[in-house]
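Order of writing sets the chain letters: A, B, C, D and E. Residues in each chain are counted from 1.
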Amino acid sequence: GNDAETNDSSKSGATNEGSTEKVSIDVGMLKLTSTAPLFIAIEKGYFEEENLEVNPQWFEAAQPITVATAGGSVDVGATGITASLYNMVAGGQKLWIVADKGREQEGFSSSALLVPNDSDASTPADLKGKRIGITQTGSTFHYMAGRILENHGLSLDDVQLVPLNSIKGLMESLNSKQVDAVILNEPNISTVVQDGYGKVITQVGEEMDYQTSGIFFSPKFAEDKDTAVRFLKAYARATEYYYDAVLTQENGELVPGENYDEVIGIIANYTDQDPELIKKGLPYMDRDGRLLESDIQTQVEWYAKEKLIDKEIDVNEIVNTELLEEALTELGK
Amino acid sequence: METTTRKVIKNRVAFLEQKVPGYVSVLGITGILLLWELVCRLNIVPPLFLPAPTAIVTDGWELISSGELLKNLIASLYRIFGGYAIGAIFGITVGLILGFSKWADAIFTPIVYSIYPIPKIALLPLIILWFGIGEMPKIAIIALGVFFPVLINTFSGVKNVDPSLIKAAVTFGASHVSVIRKVILPGALPTIFAGLKLAAGTALLLLVSAEMIAAEYGIGAMVLHYGNLMITTKLMAGVLILSLLGLTFNRGLQWLERKLIPWK
Amino acid sequence: METTTRKVIKNRVAFLEQKVPGYVSVLGITGILLLWELVCRLNIVPPLFLPAPTAIVTDGWELISSGELLKNLIASLYRIFGGYAIGAIFGITVGLILGFSKWADAIFTPIVYSIYPIPKIALLPLIILWFGIGEMPKIAIIALGVFFPVLINTFSGVKNVDPSLIKAAVTFGASHVSVIRKVILPGALPTIFAGLKLAAGTALLLLVSAEMIAAEYGIGAMVLHYGNLMITTKLMAGVLILSLLGLTFNRGLQWLERKLIPWK
Amino acid sequence: MRVVVENVEKTFVDSKKNEVLALEDINFSIEKEEFVVLVGPSGCGKSTLLNIVGGLLSPTKGQVYFESSNDKDPTLGIVFQEIALFPWRSVFENVTFGLEERGVSKKERAEKGKHYIEMVGLTGFEAAYPKQLSGGMKQRAGIARALAVEPDLLLMDEPFSALDAQTRTIMQEELLTIWNRTRLSTLYVTHNIQEAVYLADRVIVLSRHPGHIKKIIPIELPKIGRDQEKYRSQFERYSNEIWELIRHDAEEALKEA
Amino acid sequence: MRVVVENVEKTFVDSKKNEVLALEDINFSIEKEEFVVLVGPSGCGKSTLLNIVGGLLSPTKGQVYFESSNDKDPTLGIVFQEIALFPWRSVFENVTFGLEERGVSKKERAEKGKHYIEMVGLTGFEAAYPKQLSGGMKQRAGIARALAVEPDLLLMDEPFSALDAQTRTIMQEELLTIWNRTRLSTLYVTHNIQEAVYLADRVIVLSRHPGHIKKIIPIELPKIGRDQEKYRSQFERYSNEIWELIRHDAEEALKEA
């Protein structure tokens, strides 16, 4: 069934392209597992089929990608949704969040709150007055920490947040107990647990549904509706391919899908990482690439409450689901 | 009959004395601020990339009135004064010892000079290992950054006291203690102060760097925070405050210098 | 009959000339290194907190032979030379302009002096915003840190050229261009070099800070990396390399100074 | 060629914005081949006047002009107390600086440079930088630099006052010998009365606050050999006359901080 | 109290590790109330000798001693060319420095300070810092500081050579007046031959490389009023004699870089 569907859509894509010229698109991205759908779409030639030429622009950090997308120096950005993105929009740098690129979801969580192995804390509620390590203020980790605490009757004012700037810094501060808890993501969580100096007290996905990262279009790129839709068609096919390969569940347990090893191979190739590590940290993604639009609203409200966003922004100014819906319609979904 | 011509001598270095009226400076600054404001108002550069001066001042005021600035400033001031005081006291003490004792000089000066060129911030990871991530490492890194220039200036101040002053003192019957107290110390004071002033800039730089790496509060942490959040007006307000802090620090030292060295 | 006593005059400043044999320095350094090694060998201090000198050298050698050092060093050198060159060129140029034109001086000098005390590292978030990707912001922050001391020294070098030299040149018929080229430029050169030397330290400090905050490769990133991993020997090796880098940089500038200013 | 100083007055504005009258009503001339010496107490305006004549200061009133029969721009040579050799130029490059600026050919520069370096007795030091020279040798180089342009007027502002007494005596003798060969019109400033009488055709004595000409004294002694026994009493008489004119002012000057 | 310099020799090690013989075979004495002047060309070792006498340098050979009838340690007063006033002390504090170090009571310090400040003509400037004084006034303060300890031997190393010619003349006269009141045994170093003849009871002429005593010339003129007309020729004769002794050496010294 799956194959047939894929073939169908590829045909429908092909029929569309005949009249148009090949378009070149700069895509800003990071060498992370969560960029997998883009890797897949490139490797499997989905973009080619849409007559698009995608030029990956590799970045070292998330924030410059947002800036570059908003500023129009890349057409498409793929990275985490942070407070800085909202602030940029509030500051007049428009961009559109158009598709899912990874989220926290119950059963698929890839981030968690950890404490040292011998810690007394067993639930987040025990962290009152303690030090929690995050990467940077305004980061997704910041958001996760805040939301988790709120779920357990605390707030950020009840703890001390320590920005440690890097994942390595977080792990080692946990190891040397310079902080009482940290937020971490996979595969680092597995590493910490294996090395025996930390334990998970809650999974982020158990606490909330959270749209951590997304695909962004620069305003100029979004205006060219035809190309934008074609891009999303290729992308949606890739998310599906990803989902079917690595996110299939049987009886509440993750099982390898049919192209499991191929997908792992592609990711390992693009991220220069050990496939075994990659297998531990495969983020959840919507099969159709749809955004968790309601969560964007939640995020904006939370950041505004914490004064991490300068001005209130209207979600409709940043989220564009029309393009993806149109692409999905064209794909026959 | 010969005709004589007269060649009047004109001032050929008049160009050196050319005067620019005092108001030009004021006009210059005002003009640049106005231009900047205009560029922002007309949206030639997006406000995110270059916030307007009025916006910076407004946001700066908000930071002040909300008490956020004070909280961060106090955290920073505590670190900078603590670190500066510790570094300066140790620097002066060790500098005096090295300056007075030829043995200490011979043994320790080469070591001092080989540690001096290390950018002190590189020791921060080590210092975090030694002192943890609280206030201690930040104070320690500032103290370390202040220690070396103060030490080296104190040392060279002692070494470069005009020998004819020492000779005069000895001839008039001064004891060794007297020579140190009444000649070498006051003679080295201007150089020590030069070191203290040099160290002030380094202290501020290290403060900001240290706060960027692991701090919740502090002007440096605040600047990085707003940088992470892309709230550039507040970031610029923070930078403005740092500049004022630097200026005040420098002025304070100058004032102290005038008080302590009235004879210069 | 009166008895006369003889009072032989003794050198009362002999203490100033007291000499310490040259080998004391060598012995001193060796002694301290041995002591350090011993403290580590006897496990008085855990090796994590204070690695032994031999361990540092061994690990340093490993960093070199594995090629890891080279990779990081090249990344850092590229940044530091790029940034230093850009900052120095702009600093000298702007300094000369401010020094030569009283109008430019009146308008821009107050601005320069109000930006000078900002610890440049605070501008890093802003610069990342402006320059975005990769190497540019690091080079820019170094250039900025170098720009100001070089500018201010160039400016004051030009302003403080001995006026009697300018007067002499003019009297001997030198044109304005000649005065600038043959008197003011060479006259300002020593001060410009002082600025360049001052800026070298700042450049290294900013390099490390910038790399600590945002870089994959580079000596600063390496030091922070091993700090995070608690591998103190490699961290110390990195610090050692930074110290050598600083020393080399300084020596290089001194060499250049001797070449360019042989008359000093 | 004759230099005329006509009604010169100079007012400075000091750091407290007060006007200070430094020179008032200065009138004199320097004839062809004449050696005129300005003496006066500290702060009477000797340097100010010399700078005005050299075109390094503008007079507030009056003017200074050259009278000559041709239309050529007058050339000046100058020697300062602070010597003002260019530290980055060798002795040869210093001496030929003025020629360079006048566009003289390389060959001619080499010749003239050699000639004047020899004249001041610095042969062998052509390639030395100023820092490698003693005070007396530096001042010789400074003199060679001023002579090398073969100036219409030579200006010297206390050229020997930084030298020690013995070196000064030797340099005075040498200057006279050189002057005798070149016979340049010269304006020479000094504090030292013996030096003035020893060198001058005419001594102009200035008084202070404000500086004005107290007396112009022609020295009626042969130019060479004034230190001989037979002129001793006449020499002393000139010296005493000048010292009497200056003494009170000099004592006052000493009291000023 | 009499000061005896006996067989003094001094060798320096220069920067190239060569031994330089600066002084050789120096023998002379300074009697009570005697004013001895050392003259000689640049670099002949005048300052070195003065420093040895002052206990600021050790002789390589020989010794310097005070002969006195009591057991008191001799006190010294010293005046340098560079003046060496303590910049951070007011004129009064500078002048009374030596008394302070000798543990003299505050009251006595105030009295003596006042007395010697008045003697050098600095009344009214007690509270001034050295930087607020002119060169001549600084040197007066330096002299007052040396006088205030009422030394057994006064040492002066070219005290006036940094002053301008007129100020120097005035200061020489003043020094003589003061000396006449205090009659301190004095060792005075100068380059200036006129100054030497004007001030000395005995002039010691040094020659250079190595510095040794060329001649000791007693000046047989009344101590006060040597500049009078009637002593002029005798004054000149002494000057000429000394100049002839030094001239060749001085010319050599000038050639040294």
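In the analysis below, a residue touches a chain if its C-beta (ideal position, glycine included) is under 8 Å from a C-beta of that chain, and two chains touch if they have at least 3 such contacts.
This one's a predicted model, so the numbers in the text were calculated from it and none came from an experiment.
Asker: Compute the shortest path length in steps from chain A to chain E over the network of touching chains.
Answerer: Counted as steps through touching chains, the separation is 2.
Asker: Return the chains common to the contact lists of chain D and chain E.
Answerer: Touching chain D as well as chain E, we find B, C.
Asker: So which chain is the furthest away from chain A, centre to centre on CA atoms?
Answerer: Measuring from the centre of chain A, the most distant chain centre belongs to E.
Asker: Find the two chains joined by the most C-beta pairs in contact, please.
Answerer: B-C
Asker: Which whole number of Å gives the spacing of the CA centres of chain A and chain C?
Answerer: That pair's centroid distance is 43 Å.
Asker: Between chain B and chain D, what is the gap in Å from one C-alpha centre to the other?
Answerer: Once rounded, the distance between the two centres reads 47 Å.
Asker: Centroid of chain B to centroid of chain C, CA atoms only: how many Å?
Answerer: Taking the mean C-alpha position of each chain, the two centres sit 16 Å apart.
Asker: Residue numbers in chain D touching 2 or more other chains?
Answerer: Expected reply: 54-56.
Asker: At least two partner chains per residue is the criterion; list those residues in chain A.
Answerer: 63, 67, 165, 169, 176 - these are the residues of chain A that touch more than one other chain.
Asker: Going by the touch rule set out above, which residues of chain C reach two or more other chains?
Answerer: Residues 12-13, 128-129, 167, 170-171, 212-213, 224, 228, 230.
Asker: Among all the chains shown, which pairs meet the touch rule set out at the top?
Answerer: A-B, A-C, B-C, B-D, B-E, C-D, C-E, D-E
Asker: Give every residue of chain B touching chain D within the complex, in rising order.
Answerer: Touch list, chain B to chain D: 2-14.
Asker: Any idea which chain B residues touch chain E in the complex?
Answerer: Counting only chain B, the residues touching chain E are 162, 164-165, 167-175, 178, 182-183, 186-187, 189, 261-264.
Asker: Where on chain D does chain B make contact in their complex?
Answerer: Answer in residue numbers: 52-58, 63-71, 73-74.
Asker: Applying the document's contact rule, which stretches of chain C touch chain A when the two form their complex?
Answerer: Its residues touching chain A are 128-129, 132-134, 212-216, 224-225, 228-230.
Asker: Spell out the residues on chain E that touch chain D in their complex, using ranges where they run on.
Answerer: 41-42, 125, 128, 132-134, 136-137, 161, 164-167, 169-170, 190-195, 232-233, 236, 243, 246-247, 250-251, 253-257
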